[in-house]
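In what comes next, chain A is part of two complexes: it sits with chain B in the first one and with chain C in the second one.
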Partner chain A sequence: MTLLVYAVTDRPPLGELPPGVEGAPVWTISHAGLSALVSRHETAPVIDERSGWAYEQVIESGMAQAAVLPMRFGSTLADRDAVVQWLDERARELSGVLERIRDRVEVSVRAVWAQGDETAAQVGTGREYMEARLEPERRARALRERIGQALDPLADASRYRLLVRPSAPVTAAFLVPRRATETFVARAAELDRELAEADLTCTGPWPAYSFVGSDNA
Partner chain B sequence: MSATSQATARTRDVALVDLLDRLLSGGVVIQGEIMLAAADIDLVALDVRVLIAAVDKALSQ
Partner chain C sequence: MSDKLLVGDAGPVAAEDLTRLESALSRRIAADPEGVEKGLAQLVLTIIELLRQLMERQAVHRMEAGNLTDEQIERLGQTFMALAERMQELKAAFGLRDEDLNLNLGPLGDLL
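This part shows the complex of A and B:
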């Protein structure tokens, strides 16, 4: 048996939580002023579309009621004592991150090159080859600057990845005050219309997955 | 609104990619307790590549 941990909050969610991964009941284990949302499983659950959305819906349900730190999928602890010990060891760190993301949501912005705007890579000489390789990076950096100028002022934090695929120059996550979400999404839609070279797709509001990792502490 | 309820038809596939991206590379980590078996990681990686290809196709239409 193992406990799958969905999220940590500094108060138990007030309402009922939806069923978790594999339909398992979700409950809270509280210690040191924190509560972990967990469900019990025979073996650690495997991620797929269904289990991923079930996991997400539990966290979103908690997020509607309190500040929550989402856990990476597959985070498991052996039993209640292990959860209590983990909360005890990480209480100060977890509480600090909770304060940073309180009343904030994450919004994803993905840019793909507009159709027919991809740089041709069929080249002959060594110089042409190098220029063809550098060009997408230069264009991706320029697009990242443009997106940053428009959206960073509306966010408390942002993270960018460039060229995760040749067709995807910019993949970004923004930590946005909850009350400013509609303004942020409207500005992203406006930017999408302004950009001839790329199409932007916005999703969210998400729990702050991209702003709670150890490299963000 | 939430990520699950707000997704429109156009962004539904992108939302799934965004979800899997976040669940697998974001979030708080329990040191040494991430339990995805090696075989599962290969499967997930394959699924994500297929999804991304599908999204590329959907977005280019």
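This part shows the complex of A and C:
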């Protein structure tokens, strides 16, 4: 028997929550002013697309009702006592993160090189090979600067990853005040039109997955 | 997912992501007698490819920082070029694709 932990909130009780992973009912375990959203399973649930979306739906339902700190899929604890102990030990940290993400959502922005804009340099010499390896990084950094100048001022925090794969120079997550989401999206759409070298895809609002770690202050 | 799209066209990107997700979820080292050689080759080549890319990236950063002479840049470039070619040959020999030499590390992202 194991408990799958979806999220933590400090504003219980939540209204009705959708069924969780494998259709299991979701309920809350409260302690120290915090509540964990959990469901019970015989064994740790298998991670697949369906269970991932079920997990997401529970967190988003909670997010619609209160500030929630989303857990990474697959976070399990043995039983109710273990959840209570965990909440007790981490209460200060969890409360701090909840305060940071309250009334905020995560918006993801991904840039891919516009079609035909991926350069495949011809290399003959060793130096040309090295330069060809450096060039994508330079271009990705320049694009990251451009995106940052446009979107960072509209967000409370941002996290960037460069060249997750060769076709995707910039993958970014922004922590955006919920009330400013429309403004942010409008600016992202404008930026997408301005950028000739890359196409932007913007998705959200998501739970603040990228901003719940202790290194995201 | 479509109701989450705020800007842009997610079609090709989402399709690529789903393919990667399927691949990450189903990826296992084959342990059956027929597949064990390929499975081991996949594991070993993944580690070699990781080291190759790390060394290459470090060398590129040293070049960018101006810490290498022209001669060193040329020699390193030739070496990495030869290594990349050799890796392509080894992948072809074991019937492996680029995406086979990658591992999903969950919270840490992809290995390569």
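By definition in this document, the second predicted complex is superposed on the first by the 211 of 217 C-alpha atoms of A that agree within 3 Å, B and C clash if a C-alpha of one lies under 4 Å from a C-alpha of the other, contacts with A are read in each partner's own complex, and residues count from 1 in each chain.
Throughout what follows, contacts are C-beta pairs under 8 Å (C-beta built on N, C-alpha and C of every residue); 3 or more make two chains touch, one makes a residue touch a chain.
For clarity, every value in this text was computed on a predicted model and none was experimentally measured.
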| item | value |
| --- | --- |
| Chain B versus chain C as contact partner of A:Gly204, first or second or both or neither | both |
| Chain B versus chain C as contact partner of A:Asp192, first or second or both or neither | second |
| Comparing the two partners chain B and chain C, which touches a greater set of residues in chain A | B |
| Which superposed partner A:Asp48 touches (first chain B, second chain C, both, neither) | both |
| Partner chain(s) touched by A:Gly15 [first = chain B, second = chain C, both, neither] | neither |
| Which superposed partner A:Met71 touches (first chain B, second chain C, both, neither) | first |
| First, second, both or neither for A:Arg133, with chain B first and chain C second | second |
| Partner chain in contact with A:Val112 - chain B first, chain C second, else both or neither | both |
| Contacts of A:Leu94 with chain B and chain C, given as first, second, both or neither | first |
| Footprint overlap on chain A, comparing chain B with chain C | 47-49, 72, 74, 110, 112, 199, 201-204, 206 |
| Chain A - residues contacting chain B, complex | 2, 5, 8, 44, 46-49, 52-53, 55-57, 60, 63-64, 69-77, 86, 94, 97, 106, 108, 110, 112, 115, 165, 167, 199, 201-206, 209-210, 212-214 |
| List of chain A residues in touch with chain C within their complex | 47-49, 72, 74, 107, 109-110, 112, 123, 125-130, 133-134, 137, 161, 164, 185, 188-189, 192, 199-204, 206 |
| Residues on chain C engaged by chain A in the complex (per definition of touch) | 1, 4-10, 13, 18, 21-22, 25, 56-57, 59-60, 63-64, 70, 73-81, 106-107, 109-110 |
| List of chain B residues in touch with chain A within their complex | 1-4, 6-7, 10-11, 14-16, 18-20, 22-30, 33-36, 40, 43-44, 47, 52, 56, 59-60 |
